[in-house]
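Chain naming follows the written order as A, B and C, and within any one chain the residues start at number 1.
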Amino acid sequence: MKLQWLKTDYGCPPSPQLKGSPGKKSYIEKTLKGITSFFMNGLFSEEIISRGGLLQSIDPRVKVLTLGLLVVAVSLYKHLSVLLIVYFATVVLAYFSRIGLRFFLLRVWLFIPLFSGIIALPALLNVFVPGEPIFDLVTFKNETALGPLRIPGTISITRQGAQSVSLFIMRVAASVSIVVLLTLTTRWSHLLKALRVYRVPQFFTFILGMSYRYIHLLLRQIEDTHLARKSRTIGREKGVSGRTWTVSQIKFVLNRSMSTGEKVYLAMVSRGFTYELKTMDNFTLKPVDYIWTAGSLTAIAITLGVTWI
Amino acid sequence: MDIENIFEIRNLHYSFSGKYTALSDVSFDIRRGERVVILGANGSGKSSLLNILDGLTFPQKGEVRFMGHTVSEDILKDEGFNRFFRNRVGFVFQNSDIQLFCSTVWDEITFGPLHLDLHPDEVKTRVLEISELLGIVKLWDRAPYQLSGGEKKKVAIASTIAVNPDVLLFDEPTNGLDPRSQAELVDFLEILHKRGKTIITSTHDLNIARMISDRAIVLNECHGVETEGPTPAILEDTKILLKVNLIHEHIHCHDGEMHRHPHGHLGDHAHEHKHGRGHRHEH
Amino acid sequence: MHIPDGYLSPQTYLPFYGIMLPLWYLGSRILRKALNAKQIPLLALSAAFSFIIMMFNIPVPGGSSGHATGSVLIAIILGPWAALMAVSMALIIQALLFGDGGITAIGANCFNVAFVMSFSGYYIYRLLSFNSGTNIPRRIFAACVAAYVSINLAAFFTAVEFGIQPYIAHKADGTPLYGPYSLDVAVPIMAFEHLAVFGFIEALVTGLVVAYIARSDPSMLNIPALSKSAYQRSVSSARRRLWIGLGILILLTPLGLIASGTAWGEWGLEEIMQMLGFEPEGMKNMSNLWQSALPGYALPGLNGPIASVVGYLFSAVVGTGVVLLTAFIISRFVFRGR
């Protein structure tokens, strides 16, 4: 009989041996982790929206307007104290919107502006921001130059540097917190509809919505092909095959996105689309929306007044 | 011209970029209120045919007449005719991910009626009623990528029906659905039939074909019409079904002994073997 | 290269909105003419493609990795206007969705990555692949150079936007209010990162995908079919214009340098600042800094304006040579890799 090899022998599993340090991720894993976190992001905010806290109950149009103005206001403040107050306010809002504080703080401080913090620290020194020294670190014999940089005789932390770094970091943290609050408590589709109320053309909001929808589809397909590949490969991927994988995935996405675009066009035409986009919303304002608007606009006005008067 | 005929298809030829033939000399008529199934194996040209019937792609040769008018790229550029045609013909695509392109289910279902200039109040009524019928009201705020396969199909159907077309094209609607959703779909098609809709469905599932159609048009693997006739008669004709690969000669191997018999998706199918013991095969 | 909120002052980010709004409007008009109703799904899917490209990590020597932006690639496939729109949409989704901010900086980010990069990349590609017909290596080479040069151009703009903050927005005692680094820090660091790392990533991705398209779907890369004589005519007129343009550039460069009497780095910054009406403290030291920042721009042993002109031209030639050589090597590498 043929097919001699087609026999069943379950054997026993080898004891697993972990290769390499677990902290060192290949860049494919990094990409896949990015894809997973994209989906997790969506799931998280879906879950937070369903918890129904303060910000969740506010009309998206109102939220976009007030939080948008607040981001602009944050870009105008000149005092560290005001920035600290606004930042603290975002934490309070997060609390009342039933966003876990740990999650919220980590999200803002650990993941997102990590690089802003690292970038900012050298600016403490008079090497980068000249000013009055408040703490001397090192003293050299004479001034030197390092490429474009003039290294002064004494390297010290300056008052201007310290102020500048704290202003910078708090400004970034406050802005990021506001945007995180907005995105965690608002559905993407509602966000787009709200933008439309503020005269952002339908053309843009519709494309943004459709684009996000197909990012999901394409990323799912990448995930599926990776899983299929992973189930077929034995051992770790090597550098070359990894590069091939990445480029083949980019090609795949290119082909898929172009052909999907053509087909979606037909699906739109089939349901009567010719040229102009039309949509219908069902938003209604509640008392809480008016209270929120009045309160937040007053707060923005006061803080800006403190800054500019 | 016969006014009873909704579609008159004559000698269609269609190929992709002039090289890959998808349809070759296809002709048939569809009558008002009829339930027709287009049977064919994978790649026989079913989707290409439905795309042409919906006025989305156009044949290189041959003619499609809809209620007496020749459907062409040019005539569909006329706003009046385009509206007339899109209001009357609805298409549920094979791939729901292509069909559901909006950000939410609500936008999706309202898309068709709004673009065909229905009054907003009428749109709301329709969306509510069709959603209740299909049990998808609770999905209104969801995004398409948050739906299961069965839910996607229901939303796709709702978004097509909301336009209230007279002729409905379904491209392999039961593909990938679990048995319960399939049964629901069959019931729903029955409702549409009772309301006088003309229903054209493509499938390779013979079991479903029996339940949703009175007449069958069979496409062969050369992309032409093999035969057409009443569905029950076609489903009896093993020879033709074998020829167009809708059933296959299953080759069994029992400890060295081989035998053949035709084999398809005609429900629970069992057979006895001549060498005793009589074991059953289920598929 | 994605600038978050808080890095730029309002007097910087607002003008970029001012530039981008008309560009977006123009883009939607132009695409509507070219693609009609089809533009909506095609742009949406192109934006999705752009967004996803930015998610792919590409290894760089030394064990780390970075990502490409794909602007030049999309510009080559779909044209600069479609790339402008698609990449802008991808950046907006990132800013609004991931919450890593950049709401106020959307204008500036789109200007750098979607506008500067797409347009410069597209025209560099057109220039270098010009008349290449079926010469596919030339096209890949052109794509690599275009990607490399234009991402560096975009990085330069980003660095300048970031680096002018201490001059234009500071307290009375000199405390910078926004990004704390001045041009003499921001520009060299961004330039180094992009010349040494991200430029190659962008060139690699662009080159590999163009190589793939050239084989699988060459019509995607072709300029719309022209009749033979029309094609000849457009080719010869384009060639004439190219030479005239280059000639003018060659003539003007040393003239401009002699007129100002200084090297590029100096007049660039100071004059721009004076034109904008800023007289920041410490600007006097800047010229010294720049002298040491770009030592390659003055040849040792020579003095005066002639020296700086010669030095500048020399550096320019060397710089261009290096870019072309790296692009060549990458394009070879692309071929070997397949």
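Criterion: contacts are C-beta pairs under 8 Å (C-beta built on N, C-alpha and C of every residue); 3 or more make two chains touch, one makes a residue touch a chain.
Everything numeric here is computed off the predicted structure, so don't read it as measured data.
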Margin query: Building nodes from the protein chains and edges from chain pairs that touch, which of line, ring, star, complete or other describes the result?
Written below: line
Notebook entry, point to check: Based on CA centres, what chain would you say lies at the far end from chain B?
Noted result: C
Margin query: Of all the chains shown, whose C-alpha centre falls nearest the centre of every protein C-alpha atom combined?
Written below: A
Next item on the list: Can you pull out the chain pair that has more C-beta pairs in contact than any other?
Entry: A-C
Next item on the list: Give, as an integer number of Å, the spacing between the C-alpha centres of chain C and chain B.
Entry: 50
Notebook entry, point to check: Rounded to the nearest whole Å, what is the centre-to-centre distance of chain A and chain B, using the mean of the C-alpha atoms as each centre?
Noted result: 42
Next item on the list: Could you please state the distance in Å, as a whole number, between where the Cα atoms of chain A are centred and where those of chain C are centred?
Entry: 24
Note to self: Give me the residue numbers in chain A that touch at least two other chains, ranges are fine.
What the structure shows: 188, 210, 212, 214, 260, 264, 268-269, 273-274
Notebook entry, point to check: Going by the touch rule set out above, which residues of chain C reach two or more other chains?
Noted result: 41
Margin query: Two-or-more-chain contact residues of chain B, please, as numbers and ranges.
Written below: 101
Notebook entry, point to check: What part of chain C is in contact with chain A in the complex they form?
Noted result: 4-10, 13, 24, 28, 36-38, 40-49, 51-53, 55-59, 65, 77, 89-90, 92-93, 95-101, 103-104, 166, 171, 173-182, 184-185, 188, 205, 208-209, 212-213, 282, 285, 288-290, 292-294, 337
Checklist line | Residues of chain A defined as touching chain B within the complex | finding: 1, 46, 187-189, 192, 209-210, 212-214, 216-217, 220, 260, 263-264, 266-274, 278-280, 282
Check: Which part of chain A faces chain C closely enough to touch in the complex?
Finding: 27-28, 30-31, 34-35, 38, 41, 68, 71-72, 74-76, 78, 107, 112-113, 116, 120, 123, 128-132, 145, 147-150, 159-161, 163-165, 167-168, 171-176, 179-180, 182-184, 188, 191, 201, 203-204, 206-208, 210-212, 214-215, 218-219, 222, 239-240, 242-244, 246-247, 249-251, 253-254, 257-258, 260-262, 264-265, 268-269, 273-275, 277
Notebook entry, point to check: In their shared complex, at which residues does chain B touch chain A?
Noted result: 51, 54, 56-57, 79, 82-83, 86-87, 90-91, 93, 95, 97-104, 106-107, 110-112, 114-116, 120, 123-124, 141, 143-146, 159-160, 163, 256
